[in-house]
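One chain, subunit A, links the two complexes that follow: it is found with subunit B in the first and with subunit C in the second.
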Partner chain A sequence: MKKSFLSRHWGYLFLIIPIVLQTVFFLTPLIQGFFLSLTNYTGLTQNYDLVGFSNYTAVFSDSRFISSIRFTTLFTIVMIVGQITIGLGVGLLLNEKMPGRGFFRTTYFFPAVLSTVTVGLIFSQIFNYGIPQIGELFNIEFLQTNLLASASTAPWAVSFVALWQGVAMPIIIFLAGLQSIPTEILEAAKIDGATEVQTFFNIKLPYLLPSISIVFILALKSGLTAFDNIFALTGGGPQNSTTSLGLLVYNTAFTFNQAGYANAIAMILFLIIIIISIVQLHISSRFEV
Partner chain B sequence: MKFDKKYVVLATSAFLLSACGNGDDDSAGSRSLEVFSQKPEMQAQLQAIVDDFNEEYEADLELVSVPDSGTVLRTRIANNDAPDIINIFPQNTDFQQWSEAGEFIELSDESFMDNIVEGAAEEYAVNDGIYSLPLTTNAWGFFYNEDRFNELSLDVPETWAEFEQLVEDINNAGEVPFAGAFSTADSWTLNGFHQLAWAQAAGGYDGANDYLRHSEPGAISTKDPEFQRVTDQLSLLIGNAQRNSAGASYHDAIAAFTNEDALIMPNGIWALPAINEQNPDFTVRSFAFPGENPGEQLTVGAADLAFSISESTSNPELALQFLEYMSDPDVLRRYYEVDGMPTSLVELQDDDSFEETYGITQYTFTDQQMIWLHRDWDSEEGFWHTTVDFINGGGDEEALANSLNQFFDPMK
Partner chain C sequence: MKRVIKYSLLSTGIAFIIIPLYLTFASSVKETSQITGNFFGIPNPFTWDNFQRVFADGVWTYFWNSTVITILSAILIVLVVPMGAFALVRNMTKNKSFKMIYFLLIIGIFVPFQVIMLPITRLMSDFNLLTIPGLIILYLTFSIPQSLFLYTGYIRAVVPIELDEAATIDGCNAFQTYFKVIFPVLKPMHATVLIINILWIWNDFLLPLLILNRRSSNWTLPLFQYNYQGQYFNDFGPSFASYVIGIVSILVVYLIFQKNIISGMTSGTVK
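Here is the complex of A and B:
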């Protein structure tokens, strides 16, 4: 007997809810944002005019944007390289049988449950009051000042804090990945006389490529959209040296009252993320097991 | 039957989702209004006033005070969710644009406007319309530790040269001159210093804005004498503040001052309640920004406790009644006795001013008080940051010029 339309397709009806939510909270703001990026909207009133693509042409000659791209790129690279290498290294260690393994796993995951703003506020106090005292105690000159107050050291200090917190989740991801590697393959390699290094590069690493891919994307996303902890640590200063693209969008819209221009920056950021994500997925899919 | 169960599940889901809707009933003439405050340090006093108003007028006004209130207000008004009664600074660009867009009720014909001194409201008129009831004015200057000054035989400076000498004398006495909040987050505390420096160097409000705001893009240069004069004055703060001043917050600076870690605190008179909360063991006094010559001291400020009423309020009569209540001298005196900022109420003009802030407030409502320069700007926060960047960067003049050009060029 032929099933009714509803009987055959009723499952699709449950997609209505997520589609509606996606449309309301993602697609609609995206389209609105694109429209506003073509205007001189200040964000304060509805009095604005269409200015075409002049916001986009202005972005590429804006020194704040160039500086922000520079910092965001540096920050993102640090996050990606740091999260993958440190996350993998610590994951390998935590995968070994050792006393207190449970305690160490909990400790390394702890930063992930803290609010990024709280971490930023705490570290801003540490950098201003704690580290200079350590610097004076051990007579280390460059630690005797607030690292967040200098344009040359602030980007590294901010990256350190973000990495301190950001590496927690990758550790868990890599740990899970390592535990999913079939033990018989590892045993076979051991029987065949493979060294630890050979085992890592020829067996563990290929199996971990999906995990590395996930960590890469998460780190890329957190780097390109960094906002909370930078806002709490430095507010983007000094001299805009730690203004990420996300923070630049916020500052441009809410402190400089240039919401239309801010939307143009946000659109460019969106395109950058899409392009990088597509390239990364394409490359990593070739090497997965 | 399977088919019926699917219908039941779908219908139940739809019902539950619709039940999550907003059930607020926004009836006209509601006695429940929101009073949005941007004065967190005076929340207790304002709450007491609101409570008394509610009792007297059988109303249900709710005082709302949130962090980052300026951004919250902007977001709410952009989403057509303006609070009913808003404490808003009428010299700011957001107030001006909102007034032009018809967001606020016009107040010029209201009888309570006669309670304030003539011209006080007109100062903030937008297209000849009055949209703000300015009740108090803030001012910026320097708090100092009078007891330590007397012990060290230090005099309050009347000229900039005397100020530079004072700082040197304080250093020579082994003390720290300034309690500063040089973090980016609290760079606003030095806004007055930087703006007054420009006003003095460039010839007042108009001269400063002609140079900064109304000049050609990229015009701010280290080669200009005005620029050099400003950097000379800003440099007085470099290396002369308490340890860790580079990352110090507004509250850290107050703590440093009240703990006598430093003798002078550059800040606005709004800081007085916070200073008094710390119960300092010394006599707090103040002085204004010294001029080139004696008698040329300057302060900068504008309306601080000022109220506007949203055009979209559900009960404009009640909102106007609240403003009338706030402009009652007996009511505002309760606020003033803690806040200490000069008021624009006619009946309070002869009230004794706070001795602590008299050194600054003596110049309010005179031609030695300048309105904040950012009245002519599209925003102000970026300007604050340039101040602390200059101080923390050891006085990098090129960086300051670049930052100022970056800040002002989009407005030009």
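Here is the complex of A and C:
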């Protein structure tokens, strides 16, 4: 019996829309993006010349890029450390059955469903009008000015806002990880007289390694590509002190009209993420048995 | 004693979360002079003026734009992606070109958006797609890597091939098999994929900024909030009202679907 066209080729038919979309709206711009990174394209006019890899070497003497790397590194480290420690801490506190647990869980997770840009806008107002009023009331000098307006405090203020929203997901991930630990093991440890600290380091922590690795990767990616909240809070200022790499690409392309150069920075960001992902995969495959 | 420490620690955390939200609500019903003069005080006089101003400035249009974009994109995602995932899972083991397709479709997971940000904006402008339909096409495209990954994993794990073989014996062609037998079985994964994508699209800012910013009648709610704050630089009462509208709309959905949202968002990112 001869098979119908449909029964032989249904696989491709089912995939035709994703393939077309992915080719036109993702792979094409991806290749274009790489190509443009080798040009002096401004984004304003249609003509440009190939300049080889000079955009890539130019970053090393670009003070904006260097300060962006500095801020992005700080911000990403704060994200990783903050999300793991606070997430783990609250996760441990919420792990036992107790009255009000449902309320705590619901409230702690809520920031995760809010729009990041809305959160940024709200905190920009709080830093602008709210915090200085506290500073004046209690006569604390450094709080009397807008923390977002000074290059020395803005990176920390921005990190605080990102953490305010960023710890919500890790709390639930750690809580789920804690609940996957078999209760018999914990009970056995109790009978053997293990202290809580011993139980944490010898039983809970090994079980939580996969959760830690997930939170690590999520925090890392959100740190390196941060955009929305910083855009709303500071726009990258003052004096580029809060320009994340993600924001630097945007500003370079659309504010400074150096589109080719902006694409080179984006490719470098891509490269950083690939390298870290490979390293992380190696490490986590060693932990997971 | 231990309990007291525990509750006070947890309550401190809760205060950190709730105070900024409370301040937003309180400021939205204050006069601007009171926001600058007494940010932490109780609203006095209490006023709905800010909300009236935001509604007069057309907040419903932006709310509606966000709703249309989110719902249409979500429907398209659930129509297009699981179908492709099913085709991939059933053909990948025996046919190498499907492996290649799978790889090309999920590679986006590793690519930061900034890499394609500028070329995609140019491309959409060349196609005359700096419009709401254009944005929906992009959401559908950019949802593919993660959603496809989730669906293929799910199909591999819980949808046995005997199911489609039985349907074929009953005389179903590929389309009938998929829509009548496979699609309904994927219901739990549809829920997860819908939650992840709806929250992402509803809250997204950068794509609407790139695609819709030129024409204000196309703005989404977050884009409106951003532009609104810039517009009323010294008169921010109405801005607070616009945040409250955003927070309340998501809070209502969150309280209704809380369990699904928490498990969907965490399982979606964990896998």
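Operating definition for what follows: the second predicted complex is superposed on the first by the 258 of 289 C-alpha atoms of A that agree within 3 Å, B and C clash if a C-alpha of one lies under 4 Å from a C-alpha of the other, contacts with A are read in each partner's own complex, and residues count from 1 in each chain.
We adopt the following convention: a residue touches a chain if its C-beta (ideal position, glycine included) is under 8 Å from a C-beta of that chain, and two chains touch if they have at least 3 such contacts.
Bear in mind the structure is a predicted one, so any value in this text is a computation, not a measurement.
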item	value
Partner chain(s) touched by A:224 [first = subunit B, second = subunit C, both, neither]	second
Per-residue touch tally on subunit A - higher for subunit B or for subunit C	C
Which of subunit B and subunit C A:6 touches, first, second, both or neither	both
Contacts of A:17 with subunit B and subunit C, given as first, second, both or neither	both
Which superposed partner A:145 touches (first subunit B, second subunit C, both, neither)	first
Which of subunit B and subunit C A:127 touches, first, second, both or neither	first
Which of subunit B and subunit C A:63 touches, first, second, both or neither	first
Which of subunit B and subunit C A:236 touches, first, second, both or neither	first
First, second, both or neither for A:43, with subunit B first and subunit C second	both
Touching partner for A:111 - first (subunit B), second (subunit C), both, neither	second
Subunit A residues contacted in one complex by subunit B, in the other by subunit C	4, 6-7, 10, 13, 17, 43, 124-125, 129
Subunit A to subunit C touching residues, read off their complex	4, 6-7, 10-15, 17-19, 21-22, 24-30, 32-33, 36, 43, 89-90, 93-94, 98, 100, 104-118, 121-126, 129-130, 133-134, 164, 169, 172-173, 176, 214, 218, 221, 224-225, 227-228, 231-232, 245-246, 249-250, 253, 259, 262-263, 265-267, 269-270, 273-274, 277
For the subunit B and subunit A complex, residues of the former touching the latter	2-3, 6, 10, 13, 17, 71, 74, 77-78, 93-94, 97-98, 100-101, 103, 182-185, 243-244, 246-248, 378-379, 381-382, 385, 388-389, 392-393, 399, 402-403, 406, 410
In the complex with subunit B, residue positions of subunit A that touch it	4, 6-7, 10, 13, 17, 42-47, 63-64, 124-125, 127-129, 132, 145-146, 148-151, 234-240, 251, 254-258, 261
Touching residues (chain side subunit C, partner subunit A) in the complex	3, 6-7, 9-10, 13-14, 16-18, 20, 23-24, 27, 35-36, 38-40, 80-81, 83-84, 86-88, 90-91, 95, 98, 101, 104-105, 108, 110-120, 122-123, 137-138, 140-142, 144, 148, 173-175, 178, 199, 202-203, 205-206, 221-222, 225-226, 229, 236, 239-240, 243, 246-247, 250-251, 253-255, 258, 261-262, 265-266, 269-270
